[in-house]
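Lettered A, B, C and D in written order, each chain numbered from 1.
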Amino acid sequence: MMSPPKKDNVFRALDRKLGAVTEFTMRQYRTKLSTWVILGVGFIAISIVVLFYVDSMQQEIEAIDNDGDSADWDGDGYPTGQERIYGTDPENPESHPGTFTPPIAPDAPEKWINEDDFDWDLAASGDTTAGYDDDGDCRLADSTQSQKDNNRNNIECDIILDYDEMRGEWSEPNSDRLVDEDPDEEKYAKEAIHRAFLLAIGKMGFVFLLGIFLPLFLATGLIREEMDNSTIHFMLAKPIARRDIFLGRIVGYLGIVWPYIIAMGAIVGIISGFAGPGESLFRFADLGMWMAIIFATMLATLVYGMLFCALGTLWKRGIILALPFAAWELGMAILSFNAPTSSILRFSVIGWSLNIIDAASLVVWPNMALFISMGMWGGGYGGGGYGGGGRWDNSLEGAGALSAFASDTGLGISPIATIVVSTLVLLFQAAILWLVGSAIFKGKEIE
Amino acid sequence: MMPDLQQVGEGETQQWAPNITAPVVLLENVSKSYGKIHALSEITLALSGGVTGILGSNGAGKSTLFNLLMGKLKPSSGSIKLFGTDPWKNPAPYARVGFVPEHEKMHDWMTAHGFVSLFARLNGLTREEAKSEADRVLNFVGLTDVAHKQLGRYSKGMRQRVKIAHALVNDPELIVLDEPLQGCDPLARTTIMNVIRELGKMGRTVLVSSHILHEIERITEQIVILHNGRLLALGNLHTIREKMDNIPHTISIGCENPKELAKDIINNDAVYGISFPSGDRLQIQTHNLNAVHRELPALIVANGHKVSSIDNPDDDLESILKYLTGGLAR
Amino acid sequence: MERERIIQTQDLSKFYGPHMALENLNLDIKKGATGLLGPNGAGKSTFLKTILGLIQATSGEGTVLGHDIRTEGAAIRSRIGYMPEYDALNPDMDAINQVRYSGELLGMNPIVALQRAHASLQYVGLGEQRYREIKSFSTGMKQATKLACAIIHDPELIIADEPSNGLDSTAREFMIDTLINTVKQGDRSVLMASHLMDDVERVCDDIVLLHKGKLAAQGRIEDLKAIDREIEIHVWGGASKLEAAMIQRGMRVRREGRVMRIAHESEELTSEILLCASQVGAQIRRMHEYEASLEDLFLVIMENLGYDVKSSEDLFKHPIHARKVDAPGHMGGGAS
Amino acid sequence: MSEDEEITPHPQPLAQTQSQPIAIAPQLPIPSTPLQVQPVQPVQQIQPVATDDVQMATAETPVTGQARMDTAWGSSEGDEDISEMASIGQTDSGEIFKQNYEPWKGELNPRWMRNWAILRHHILGIFKKGHRPWGIPTRIFLVLVFFASLSDAALTLLSSLIGDSEFHSMWGVNRDNLYGHVLGFFPRNVMYYPIVAALLVGGVISEDRLHGTSALYFSRPINRFDYIGMKYASVAFIQAIIIILTLFLYYLTEIMVFGRGWAWIVDTFPIFLGALMGGILLIITYTSIGLALSSVSKGKFFPGIGLLAIILGTKTLAIIVKNLFDREILYLLSPYDCLAHVGQTLVRTQPTYDQYSWTWSLASLIVMNAIALYVLSSRVSSMEVTRE
């Protein structure tokens, strides 16, 4: 009574067995309450952090007059900066630009806060000069050439930046006095916090939290749960190789997890795009970053899914075996922040996925290291430091957080190549785990 | 528990075709042991066609035998062939096999139709073929009108029949049922027995296991008795009883004057022992049940004895098992 | 001799929202062994939970051993022993300590509980295996341990839920003998819920049959079995010829394969049957007066309620009402 | 199905019968007594008597057993010719078995004895066999953590031996060390106490549902709140041994070893009391959240992992937000931080949470405990006698 088997094309073959197992798994996980609880908890955790991010983006960061030239010492109504430009004596109340003919109106003090902002060419590389004395307190001051060229590169009023190849980071800028000494704190801080948030949520939130905990709770039970409540008997008594069952279950699990990750990534991406700083309504540049985050998380859930499913198949209490792995990956994640180039990272899954995100951050924000060192320097007030003595530590807000979360790719090759290599390695790991998993499942004797 | 890479079969149903000449189920001195426990030892069995009852007490090896057949366990030694192919190496023969597991747990969140069509697709059918096949088998077990309700709300008897339906997909030649009547109430039990007998009549090979003997007696007379993992007896239950000639058959006849009847019976050479357990009862020991029964009706009628009942007390499964297993459970 | 009542209920009913689990049940269970029968989901477990005082009945009254089920739940539960259907033992504990702990939970102090545990385990036949862990026990030994937990405090009433389910013949035999012994020698009452009619028939002398929460039948087993007389014979070789011969002689014969039932009009029916057999040369291996079993009684009562057994033909022709047999209530079936 | 070979067959009859090996050799004894075969039931005379109390099966609808007829005895038609078949095997044995039912006339103790039995069962399970089987890994870990939390007492002893005051100021009893003993984050509250709570709470209720032993409790005169109360008390008591007892030993060692006078004791005792209160709060919070999780789930591991996820998860989330946006409000969600904040005020050390007052932490602690206890009581009161 069996009709002669029709000519089989790929779709028909897939449609039959593998497709059946996948569809079954997706429907099963959709109807299970625990799936929604786990996805819900992930959503809540990430949205809390996003709320704080949006809240901090709306906050005003009060501008600080770093070089104090907006104050009016002599009380003649003219801020010191203006008096200096016009050569009048800031301490003497009588001498002020008002006495010139024609008299110059006094500026509002706010004009002289954040007046000498950074305007460095962020694409710079190697040792170059940058910086322009916007408020002219170095350029127009009538002081000798040597006073205007503290960093001895016989270019007046500039900043020397040099890139230390060995340590792979920018050394502290060596600036002439009064150049870029009063940066706009808000502009820098917002940008730095925005980038730090993106990296933090991308690395810790998505790749680590979602990337490890979703598979830990969802993938471990893929085969083991069927074995425990012995509904696996139905599936095993069918002409389907166990390798296909294993793959079908994994693809079904990914069918649930990947759309969730893409959706989460899209939502948070859009929110951060609109709420982010910068003149344009929507920061289109960050979308590249978000695609990398989603892609890295998808790969992480794939590899961990295979790993935890194999562990679950191996032993009844597979979750016990999974915990040390999760702890190891946590250690690797933290290590990748502090020492991105250490070779142990190559033995972890998280190392490679975080690489993808770091590489993307270098592509999307070209000169991250320079940006960070700029914030750390924070208009360090020209070496000598105004008012004598050492430099105040006035690194700008957000610079610390950004340097904590940003890190180099550690592979020493170009970012694009890093992404490609990392993806290949992750896929290779997934393939290996799949073979190991199906071999375990094949050898498993079921009571 | 080394991962076993021998399982090479792709499980594709296309290239594989059942070997008609080979018996449906063939086991050649199969044995299975977990560490020092011998679950099954030296089982040789060939079955094709008809309903066969697999009997044995708990732990006699019934489930192990089924798990070996269903490719869930690997035999420690010996070989198993379904339709001529070893299921452990190549799962393709399962396209011709239907299995009703003993466990009651099913996917309660699925509908009956969804459940059956899913596993039909695992047999290699496409989506449409699976749907039509599901309708057909659900109709066979009479669940058509509730097919689209959730399994969780089914009664135990109905779940049992969904399992039988899922095993009948794709018209399998071999149907294996592990304790199908476990925990069903009399109504569900009798209905399921009807369905099993129906399958036997349709010429399928049906393996039914149970440890409640009188249930098996009412389904089939072809039995396989397992005890302590060894094959004790095989074949028709009555002929087995006859074969046990070292235990005398007893025929017990209830009549007015047993002594008179005894006088007439005594000269039948097959009779070797006579006893009178009670005033109106005569018990005959014989080796050859046939010989005695052949003459008995004629003899009684000829001498005009008043006989109220005739019985062979130890010609049923319970006593066979008791004699074979020495009366101890294990 | 009028045996004193142990369980008595006046139109006891219990509703789970719209679903009616028990519908004004008027039960009168006497001392001694009683079988609690009913198809799957007939309300048996709801009834047991109500009389144990674990759930509150929606309406109606009831007393167990003189205690009111609504108020004195604790008193009831300390004077009865409950043997659950599923396994209710901690697999990692050994039998003697599990039984001792169950005694302590009743309020016995540890030393007394230990002595009683040894006595009960000896009684249920687990004398030697009592120091082994429960996970190494067979199903039969687990059921015996559960029975020991139930009888440790020598309760007047033992409620056994499917005691012989899933046991093989010898373990089942032993469990049934133990229950019979407890009722006869120990003079205790047993309320036994089971699907295996032969076990209920051997242990109990009267039954209560629940169906869709209603009382379908109650009383002594013998009284319920009114029978007209028939002879049942098992024929070997030449059955159809024998049947033809008997019909020729005007006997009413019902045949099913090798089994035939002949209506018992005249006294010499047996000799006539034997005469036909000798003429035809068929062997009659078994011939006895037909004696209805509890299972037949169960099926007949179900038939009267309109849920009779369906043969496979019925399943094909009209599945809907054929399946009335055991579909739950909300699917138009008999069971709740 | 792997029962060991040497399980003696059940039921073990009193008379030890020697089960012969299954031999094929045909013995032909003519048994003196008839074989132990059930006697054929004598044919009863059946009168179709219809008694009054039969409701349904009346006389005119007789029990004909038609249904049983339909299910044929065996599928073969009985017309087959009798041909040869094969079979093997034979042995026989007899068994005598005497059961006597011993009545018991003692009477049962009241409620407190039952509760005491549950408590005793759980606590003794840690120390010796025969009581609640906590499992080897749990017990080993408990012992390890007990000794690990004795470390500061040991170091105080050491500092008194080497007499170096700088070492003593680092380890000896002072405000920060007392606080650190109970609520220090690393290593105690990240590795020791939460995992101890997770292991203890892991199966205490969920295993009853898994093994069905809830039927043992609820078919006996034990009401649900005693059940919860005693389980709560036993888990809390075991944690108290590890946290409070070691705190007390630490304090005692300082007094004994340095010979502290009454004056010193009087002014350090309030700090000790503060630390004690902190410890009790910690135990109560971890136990209620843990038991609530245990009553909700069925598995042995998910409650434990759930508790760890809640404690450490909320803590990491709070740290991320603190570092990124410098906001501490999220600490209210993390049980550990609330406990730490309240502990700091109790022991009056320098508070590390300065963006909100400690009363907020106390309020959030109370809310957490209330929710957990509500979930616990509602779940347990709906627990079935048989496994649902």
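Everything below uses one rule, namely that a residue touches a chain if its C-beta (ideal position, glycine included) is under 8 Å from a C-beta of that chain, and two chains touch if they have at least 3 such contacts.
In this text the structure is predicted, and so the values were computed from the model without any measurement.
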**Complete:** Judged by C-alpha centres, the chain sitting nearest the middle of the protein is D
**Request:** For the chain pair with the highest number of C-beta contact pairs, give its two chain identifiers.
**Result:** C-D
**Request:** Work out the mean Cα position per chain and let me know which chain is farthest from subunit C.
**Result:** A
**Message:** With centres defined as the mean C-alpha position, give me the subunit A-subunit B separation in Å.
**Reply:** 66
**Request:** Please compute the C-alpha centroid of subunit B, do the same for subunit C, then give the distance between them in whole Å.
**Result:** 25
**Fill in**
subunit C to subunit D, mean C-alpha position gap in Å, rounds to 35
**Item:** For subunit A paired with subunit C, centre-to-centre distance based on mean C-alpha positions, whole Å
**Value:** 69
**Asked** So which stretches of subunit B touch two or more other chains?
**Response** 59, 63, 190, 194, 197, 254, 290, 308-309, 311, 327-329
**Request:** Pull out every residue in subunit D that's touching 2 or more other chains.
**Result:** 1, 3-4, 7, 9-10, 40, 43, 67, 71-76, 82
**Complete:** Contacts with two or more other chains occur in subunit C at residues 138, 140, 170-171, 236, 288-289, 295, 299, 309, 311
**Asked** Once bound in the complex, which stretches of subunit C touch subunit B?
**Response** 38-41, 138-140, 162, 165-171, 195-198, 236, 268, 270-271, 274-275, 277-278, 281-289, 295, 298-299, 302, 307, 309-312, 314-316, 319-320, 322-323, 325-328, 330-331, 333-335
**Message:** Under the definition above, what is the set of subunit D residues touching subunit C in their complex?
**Reply:** 3-4, 7-12, 40-41, 43-44, 46, 48-51, 53-59, 61-82, 97, 99-104, 106, 108-111, 113-114, 117-118, 121, 130-133, 135, 207, 211-223, 385-387
**Fill in**
In the complex, the residues of subunit C that touch subunit D are 45, 49, 52, 54, 73-75, 77-78, 82, 84-94, 97, 101-102, 104-110, 112, 116, 119, 123, 125-129, 136, 138, 140-141, 144, 149, 153-154, 161, 170-171, 174, 177-178, 181-182, 185-186, 188, 216-219, 223-230, 234-240, 254, 256-259, 261, 288-293, 295-297, 299-301, 303-305, 308-309, 311
**Asked** Contact residues on subunit A for subunit B in the complex?
**Response** 1-2, 5, 8, 12, 15-17, 19-21, 23-24, 27-28, 31-32, 229-231, 233-242, 244, 436, 439-440, 442-447
**Prompt:** For subunit B, which residues are in contact with subunit C within the complex?
**Reply:** 57-59, 139-146, 149, 153-158, 182-188, 190-191, 194-195, 197-198, 211-214, 254, 289-290, 293-294, 296-298, 300-302, 304-312, 315, 318, 321, 327-329
